[in-house]
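Two complexes follow with subunit A in common, the first pairing it with subunit B and the second with subunit C.
For the complex of A and B:
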């Protein structure tokens, strides 16, 4: 009995399922891809996961509140473009970084204005932003390339502190701050409340509109940061930068236990979900899996991981009803 | 009965003997035939190699130095498509040729990003290949040299040699170019310019044309440049509309339909790649307009040199295309890698293959060449 109770309580911890899935994957990778467990490769995988981790954290806020943000991939691109544009115009690095983050924030506020103030469906409003922002990136980069060899800027993604990649440390800090806010503060709990039941949250005194406004702001800022880091990694911005990342970030959040219907999800879960996707991609590359099977396997594993999560959740609900 | 038996016996015997002789005869015949065949085959091979390219002594020298080594090569393009498949098959052909001639073995991995032109995805893949200490990577990317330089530096440090293919290398100064060699073609003068010249010559320098562009990036920039150079000589040839087709057929079909519905009185459509030119040809058909017949109708021209494009040209749908030497790019890439990796020979920083405008008048040879390459099995 005691062990069963332990299992239940372990499975109840946020992100437990995806943690086990990740652990399983790591064991598999270590066996079948001999170079997986090298320091070089692990450092690569962590850096590779950073962009989706940060993007996913923003998306997680939106998903928990019961919304969706499809614009983040394009917002990444615009924020990166503005940041590098400022650098090339001679702005000091901190100003350029702030400009990039502010671009992300502005995009978030833009979404929030249409959704919260004007009452547009978030799916449609953010789809509009997705297209609009992509157009801006293309305008800014199609004919004149945006590159930066600024050493400080390149350090963001390529540098390291005490052996740990700087980008990974940045992602850790973001995850820590976002996680604590979401799990430990009134504002964070209000996000869950709004996602579970906006009406009763409103009756309980939660400022629903303010919460919905702020989740899109958070998502925009995260997208801005992810874009800046990606631009640093590639030391340039290209027209297609960030295309499709919104879906990968949503997949990471879903793997981490976030519900597309709102009210459920966690920063830790999403971060582990993003790490899972990065390790999966890395392992299949190390194993030289055929590119088309690569896609099929990725799809199948994502579906299975979500199924597993759903199964465990049902199992837990049944047990708790007894 | 006994007679019968005997007869039957002798009959049986003679039948058996006959059968035996038959088998033996066939066997002898086969041996002789295969002997002759082998001899003539060897002779042909000897003649070919000694008269055209090296002799037995040189081949043995190379083979001894190769010593059965396996070269591990990763190949990544910006997207999975018929075009990159043709390049890969060109590579297969050359790898097989060198395996036969010099005993080199190949370990070949193909990867393309899940999202069209996702550069970061390609960087991730190359990092994994570098971790596995591949001998060489062959890269074609929508990113420029700046975006790849971090991962190229990692590759260099780990001893993995970087080669690029199908990049418009003319857009960058050579000293910024970290790849050992760029095997491709000049997109400006060997593609965009040729298409512009073809249209102008066929139309006598007068008319209205539409442009359908791929995803913004260095390919479209370079081809646009070439097209503009060609059209600068023909002020009466006007561009009256342009739209994006993002390198895919369905988007180009819609774009061409919309542009043609606005003004069906068009003389030529340039699709920046062949998928889009094929889409434009379909739009002309769908709207009941007349494809170019040599003197009249709408010219459609693309760039790539796909089997499906050549077939469309044969059927009189697409007018022409610029073959950008996909098969030769694949073959040349392997040639460059082989002589560089094993013998340390230094290739040119930019190696441009031959390109050609292909229309109904000369489609047979390029089609036969592509058919040959596509018939070469994977390595």
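For the complex of A and C:
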């Protein structure tokens, strides 16, 4: 009996499913891909996952509130382009970084304005922004690639603090702050409330419009940060930068237990989901599996993860009713 | 929910204003008005825009967006979304091209390609209705899987050398009537058949009922799961039709063929007045949406605007189009509150 209760309480922890999936995958990778467990490779995987982790955290806020944000990949590109553009124009590094973050925030506000104030469906508004922002990146990089060899800027992705890559530390801090806000503050709980039932949240005194506005702002800022980090890693911005990242980030959130219907999800789950995708990709390439398989396997795994999550929830509900 | 408006006795004979209100409340009417005003203004800057050859060119190009948009509209009306359309276009085009290169007769090859698209749609439908995976996640996964299969299968190398004489006609590279190509007539036939099904049979009502309120639909004897299955199969099959024709138009099937079509078709469907919350949408609206997207692309070409502007313009127009549609809806509701209960 006691072991059953333990299993239940463990499964109840947010992100437990994806954690076990990740653990299984890591065991599998260590056995079948011999060079997986080297320090160099592991730190490489972590840095590789940082962009999707940060994007995914923003997306998680939006998904929990019952919305969707398709624009994050393009916003990443724009924020990176603005940041590198400022650097090349001779602006000091902090200013350039702020400009990049502000670009992300502005894109988030743009989405929020259309969705909350003008009442657009979020799918369409952010689809419009996706196209619009991609166009801006293409315009900004039309004549030449935006390159930056600024040593300070390169440090963001390449530097390390006490052996840990700086980018990973940044992602950890973002995840901690975002996770604590979501799980422990009134504002965070309001996001869940809005996603579960906007009407009763409104009746309970939640400023629903303000919450919906803020989640898109958070998503924009996260996209801006992820874009800056990616530009730092690539030391350049190309026209297609960030394309497709929106779907990977949504997949990471879905793996981590976020529901597209709103009301469910967690920062920890999404971060583990993003890590899972990064480890999967890394393992496949270490095992020199044709890179084309990655898409197929990811697709199948996403469906399985959602199924497993649904099954576990049914199991938990059944038990708690008895 | 918008049902077909049945004029009650008190509604008839209200004259021009009322008719206008009712027309402009139709899905996609707002953006249609926009298009009608937009074309002549554009032609002031680019006189060749309205020439016969260019107009036919717009039509010939437009159908490649229109046909998958018809499928997307069915899915959206029934309350879902299909992100796998672009990958299905690529994969079914690949199936047709492969079968032709190994010497399968063309009608069989085309039929098998369309069946493969319908089967992908059926898998989508099964995963969504039986396994209860959300539409977005299921079709997103299928988008990756179908595209991945095409890449693994071709190893990244395009299919070539499958073009026969007849395939030039199917792909729309030869004109058959005036300056129009076969795909235009295929699209027209599909549009008429689907409109008939949606407007004149129970099936249309079942799609709308499922999209508006699946629970209520179930209670009134409709099987929402079956209707959803049907919607995804239709979407897959229509995407496959597009894939077969696109393979002809491009004369090679690159494994990336069709990517991005999913978002373009969703944009066209929504510009045509389809509501992502389900229950609302029309095929003529889809036509207007696809036409608007194509006219914009055509104008960008003719006005010699750098192609880098294309994404900015299309993004703005999508946002603008929804605004116009909302304004039109508001206008139509403004004076006809008493119709609201219909």
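Please note the rule applied: the second predicted complex is superposed on the first by the 322 of 322 C-alpha atoms of A that agree within 3 Å, B and C clash if a C-alpha of one lies under 4 Å from a C-alpha of the other, contacts with A are read in each partner's own complex, and residues count from 1 in each chain.
By definition in this document, contacts are C-beta pairs under 8 Å (C-beta built on N, C-alpha and C of every residue); 3 or more make two chains touch, one makes a residue touch a chain.
None of the values given here were measured: they were computed from a predicted structure.
In the model built by aligning both structures on subunit A, subunit B clashes with subunit C. Shared-chain residue A:251: touches subunit C; no touch with subunit B. After overlaying the two complexes on the shared chain, residue contacts for A:230 are found with subunit B alone; subunit C is out of touch. Look at A:290: by the touch rule set out above, it reaches both subunit B and subunit C.
In the superposition on chain A, contact of A:181 is made with neither subunit B nor subunit C.
Contact with subunit C, but none with subunit B, is seen for A:261 once the two complexes are overlaid on the shared chain. Legend: residue contacts after superposition of the two complexes on their common chain; A:169 is shown touching neither subunit B nor subunit C.
In the superposed pair of complexes, A:138 makes contact with subunit B and with subunit C alike.
In the superposed model, A:196 lies in contact with neither subunit B nor subunit C. In the superposition on chain A, A:310 makes contact with subunit C only, not with subunit B.
When the two complexes are superposed on chain A, the residues of subunit A that touch both subunit B and subunit C are 138, 142, 290, 292, 294-295, 298.
Residues 81, 127, 131-134, 136-138, 140-145, 147-149, 151-152, 155-156, 263, 266-267, 270, 275-277, 306, 308-316, 318-319, 322-323, 326 of subunit C touch subunit A in their complex. Across the complex, subunit C is touched by residues 68, 114, 118-121, 123-125, 127-136, 138-139, 142, 247, 250-251, 254, 259-261, 290, 292-300, 302-303, 306-307, 310 of subunit A.
Of all residues in subunit B, those touching subunit A in their complex are 80, 109-112, 114-121, 123-125, 127-129, 131-133, 142-144, 146-150, 215-217, 220-221. Within the complex formed with subunit B, the subunit A residues making contact are 35, 38, 40-41, 44, 48, 51, 138, 141-143, 145, 147, 149, 154, 157-158, 230, 233-236, 238-241, 243-244, 278, 281-282, 285-286, 288, 290-292, 294-295, 298.
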